[in-house]
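Both of the next two complexes hold chain A, though its partner changes from chain B to chain C.
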Partner chain A sequence: MQRKTRVIQKILKKVAGFVIAMVCLSIIVFYFSRLAPGDPLQSFYGDAVESMSTQELLAAKERLGLDDPIHIQYAKWISNTFHGDFGMSLKYKIPAMEVVSPLIGNTLILGGISYLVVFFLAIFLAICCALNEDSLFDRIICKVGTAAYYIPTFWLGVVLVLVFSINLNWLPSSGAYDFGKSGDVLNRLQHLVLPLAVMVLSHLWYYAYMFRNKLLDEFRRDYILLAKTKGLAKVEIIFKHCLRNIAPTIISIMAISTTHIVSGTYIAEAVFNYPGIGALSVESAKYHDYNLLLLLVLITGALVIISSMIAQSINEVIDPRMKELEAVTWRKRTKTSS
Partner chain B sequence: MAEKNEDQFLMVHANYKLHIPKQNQPSMWKRLKGKPILSMIVLVIILLCCLFAGHLANHTPSSFYLKNLNEPPNSEFFFGTDSLGRDIYSMIWYGGRASITIGILGMVISTVIGVTYGCISGTANGKVDAVMMRAVEIVSSIPSLLLILLFVSLMGKQDIFKISLVIGVTGWFALARIVRSEVKQIRNSEYVVAARCMGAKFPHLMVKHLIPNFVSAILFIVISSISTSMTMESTLSFLGLGLPVDVISWGSMLSLANRALLSNTWWVIIIPGLILVITLLVITDIGNYFRKETNRKASNL
Partner chain C sequence: MINKAILQLKNLSISFDTPNGEVEAVRNVNLSLQKGEILAIVGESGCGKTVLSQSVLKLLPKTSNIKNGQIFVEGEDITHYKEKKMRNLRGSVLSMVFQDPMTTLNPTIPIGKQITESILKHKRVSREEAKERAIEMLELVGIDDPIYRFNLQPHFFSGGMRQRCVLAIALASDPKILFADEPTTSLDVTVQAKILDLLLDIRDKTGISIVFISHDLGVVARIADKVAVMYAGKVVEMGTAEEVFYDPCHPYTWGLLGALPSSTIEGENLKSIQGMPPVMLDPPPGDAFAVRNEYALKIDYAEMPPMFQITQTHFAATWLLDERAPIVKPPISLKRR
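Right after this comes the complex of A and B.
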């Protein structure tokens, strides 16, 4: 019984934390966007603003809620959000939610697949490197990986397009699918290859290197000696003992990395003109489309906060040693080692 | 000259340096070993080239040679011309000035904010500290790119100072966290307490006692934030949100890359990008040198 209430308490605490974080996020973003110098009225009605009469202008301002003091605008906006109404997109002139909702899926596909591929490959590469510590293979991978990580994502993308789709003509250079083939899985996969390659190349080593160092620390523990005297093979030791021990680290890093991967996804989307919320947010920043940008920032923020909370909960389940204090000191260590 | 006598104290006169036994000076090679010499040399070359851009350039970087649009590299235009007919060779050296300035300015701004914020948060009492760290956590849950987009959409036309301000203002979160945890460790040391007892104010404490103690811990991050700022600038310019095309930087040169893809002019994309990447790698390599190497035990596996 007591245990049940404790679990409920924990969940409530998590939910409260989430709500507080989201409210803070929305306030910050909202205040920022309304302080902008670009005139939203101008971007909504275009050049028609100049030919409007004063009364028409006032009516238009009323409709957009631009005349109220800023805190009332925020209150209006927050009450609207609970009804799923995030305001009009100032550029597309339809509700912001309608602009965003068909694109979220595309971004989740690209982001999700690259997230999984990056982490699977990172763990695999880390094991390979850690097994051959300081060998030629390890050193070459280290150098190449670091170089790939520091090449700007967008330039890597442009170069890949130049080589593979323009000169070799193997792969399509932009979009998520050819016109009229939105249901064709093979066609979609073809379009995913290049963005995915860019994402993996530019993020892989950052994580592989962290895991490699973590594994190397693990190899110096005493229990490895015991396992060896027991007669376990190297591979067995790694999979049965080492990976298990660093699993909390991996999951915590995966949680923090969401921001990083999302940033990369957005750049990749913009480079490849992939119809997702990343390319859209770049567009909306260009056209001062605040409502849209605000919604996108909120969605992204919520995504990141939720995923980090999930990771924390998983960590608590698989590793009871993990207390908050440990989490804090751990975070510091990974940051310095990055 | 006094005679050399091992058993007694020496009486030394004005030329006392003569009596100091000659120490074993490590050879030049030994001293340079393990240091990023190659990177230093490349960086210095790039910096000098940018500094003396006026002497190196054989064309005016901002003028349009409309007869020579999209010309491949040849003897007149060493690196070719772009779709506006500008000479890429001359632009690279002039553009480097802007890019490196943005890198350094961004680094300075983010370091100043991050170090100050971290020091305040580390020395403040528990509640203030918790609120300050929570705030950082919430803001850094927005991807930095999106945060920068927000700032950029607030601003009108970009210039070098504005863009480094945006990059600096959004790039200090990780640094502040590390500084805070370092400060937490040393805030209760005797010398800090002593300084406080003697009435030292916070700025004095920060500059004289705190910063010298954690400077080695943050050096790597500070140096690599130069390359982060430069990457950010070029990314933003490429996306059309950074410097306009007429302000020459490596990023704004790459903002023509999309157009170059259509006409398949590889030199517009590869050459400025390669220079940018080389600079980034070189800076990172130097930064890596400052990262403390942990002593490793032998592997048990």
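Right after this comes the complex of A and C.
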């Protein structure tokens, strides 16, 4: 019974934390996006703004709700948000949600797959390198990885298109699927290969190298010596001891890297003309499309916050000391307040 | 006699490759350990005690190499054993307890699992049997309520209890030789005494041989059968505990014993040995202790003293024992005890 209430309490606490974080995020983005120089009317009316009279401009501003003081604008926006209305996109002149919804799936597919591939490969490479530390294999992988990491993404994308699409004609060079084939899995996969390769190559080594060094750091700890005196082999020590102990680090890094899924796809989307929200985010900032920008930021923010909450819960299971730590600080806090 | 020795080091020299050149950490060490015996290795920090013990288990980093000499375990020459063969010996024949129990246990794995890991590695037993054995081991090292504590992570344990757990892990697969590398140094004095009693108790129960490494002569006096005093990588005096404590022959041993608080006369300052141990990058040609030795002879600076035999079991490497040397009496404070 008590355990159940504790769990419910914990969930409520997390939900409250989530809502507070989202509101804070929206306030900051709302305010800062309006600080940027430029004219939102320009993106709504295009060049017609130039020939408008002052009165017409004022009327237009009033119509779009841009003449109110900023806190009233925000109050209006947030009350609409709770009804599921995220406002009109100034650039596309349709509700922001309708702009985002057809594209978000494409981005989630590209970003999600690349995210999984990057971390799977990074951990795999890190283990291989750590097991063969300072061997020829390790050194070659380190050098190649570093070199590959510093190849500019946009250039790599163009080269890949040149080789695989134009010279070899194996893979399509742009888009998410051929016209009218949005449900065809094979067709989608074909379109995914090149953007995915670019995404993976540009992120992989950063994480692989970090995890490799983390593993090796862990391998120099005192408890490894005890594990060795038990007669365990290096493979067993890496898998049973080191990997488990750096898992919280890996999971935390994975959690804060979830931004890559939605916004890290920008360059790949731009180079391969892949319809997704990565390019859309940049556009929305460029054209002062406040409502669209806010919606996209909130999606990214929600993703990050939720994934770090999940990561925290997983880490508490792996390393109970973290839970203990939380309990101790909580007790201290209640003690000082009473 | 030699054949019975469970561990024997013959002329062992170990060096490290460093960017500044080769460092000889252990030089021409001869030691032997009988079954059920406790051999203490004493000396200052950096004299090679730990390197010596870790070299037997081959736990030293890759930059180290055995330059010279042989290591015999149960009569078998393991000097050139490869990693794979060593893994079979570690845990089941050779085992080790380390200095700092706060860091030698894996913080995320329950104690019980850390013990069964060793058992499952070396014995053909089921998980349940291994668990039973682990609980037995926890009981043996004096952990109360082992069934409950089996599932706890190390951070629930105090320092002394953790050292007991480390001991349980080290003993789990019935090793023949236990290396205890300053196992009580980071514990407070009462806990220290309990752990020492526990080690003696375990020796009596299981007949294990123990190599006990320490810089604390008080602790050594309590536990050791045989004592080897090391200085600058060399064994300078070796004998039974009585011989080394009551009839020390090497000036360095005099210095160590003289530095004990108990051998200081009331009202006087604590004694210490002047100077620092030599840098082993370029060891002096003669006796490494000569520069700090108030009884040093001319020959000490020129030539390494051989091991002089004093009794059947007592050896010391100092020119003072040579026939031609002047007769030097050890400091009075030592004799008074």
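Structure notes:
Here is the rule we use: the second predicted complex is superposed on the first by the 274 of 338 C-alpha atoms of A that agree within 3 Å, B and C clash if a C-alpha of one lies under 4 Å from a C-alpha of the other, contacts with A are read in each partner's own complex, and residues count from 1 in each chain.
Throughout what follows, a residue touches a chain if its C-beta (ideal position, glycine included) is under 8 Å from a C-beta of that chain, and two chains touch if they have at least 3 such contacts.
Since we're looking at a predicted model, the values are computed, not measured.
When the two complexes are overlaid on their common chain A, residue A:168 makes contact with neither chain B nor chain C.
When both complexes are overlaid on chain A, the residue A:136 reaches neither chain B nor chain C. Applying the stated contact rule after C-alpha superposition, one finds that A:270 touches chain B and leaves chain C untouched.
Contacts of A:240 after superposition on the shared chain: chain C is touched, whereas chain B is not. Of the two partners, chain B and chain C, it is B that touches more residues of chain A.
Of the two partner chains placed by the overlay, only chain B lies in contact with A:285; chain C stays clear of it. After overlaying the two complexes on the shared chain, residue contacts for A:259 are found with chain B alone; chain C is out of touch.
Touch criterion met: A:318 reaches chain C, while chain B stays clear of it.
Within the superposed three-chain model, A:229 lies in touch with chain C and out of touch with chain B [touch as defined at top].
In the superposed pair of complexes, A:147 makes contact with chain B only, with no contact to chain C.
Residues 221-222, 225, 228 of chain A are contacted both by chain B in one complex and by chain C in the other. Remark: chain B residues 135, 138-146, 149-156, 174, 177-178, 181, 217, 227, 231, 234-235, 238-241, 254, 257-258, 261, 264, 266, 269-270, 273, 276-277, 280-281, 284, 288, 296-301 touch chain A in the complex. Listed in rising order, the residues of chain C touching chain A in the complex are 57, 59, 87-92, 94-96, 98, 100, 103-109, 117-118, 121-122, 153, 155, 166, 169-170, 173. The part of chain A that touches chain B in the complex is made up of residues 21, 24-25, 28-29, 32-33, 35-38, 131, 133, 146-147, 150-155, 158-159, 161-162, 166-167, 173, 216, 219-222, 224-225, 228, 234, 237, 259-260, 262-263, 266-267, 270-271, 281-282, 284-286, 288, 290, 293, 296-297, 300-301, 304-305, 308, 329, 331-332, 335-336. Listed in rising order, the residues of chain A touching chain C in the complex are 221-223, 225-233, 240-241, 244-245, 318-321, 324.
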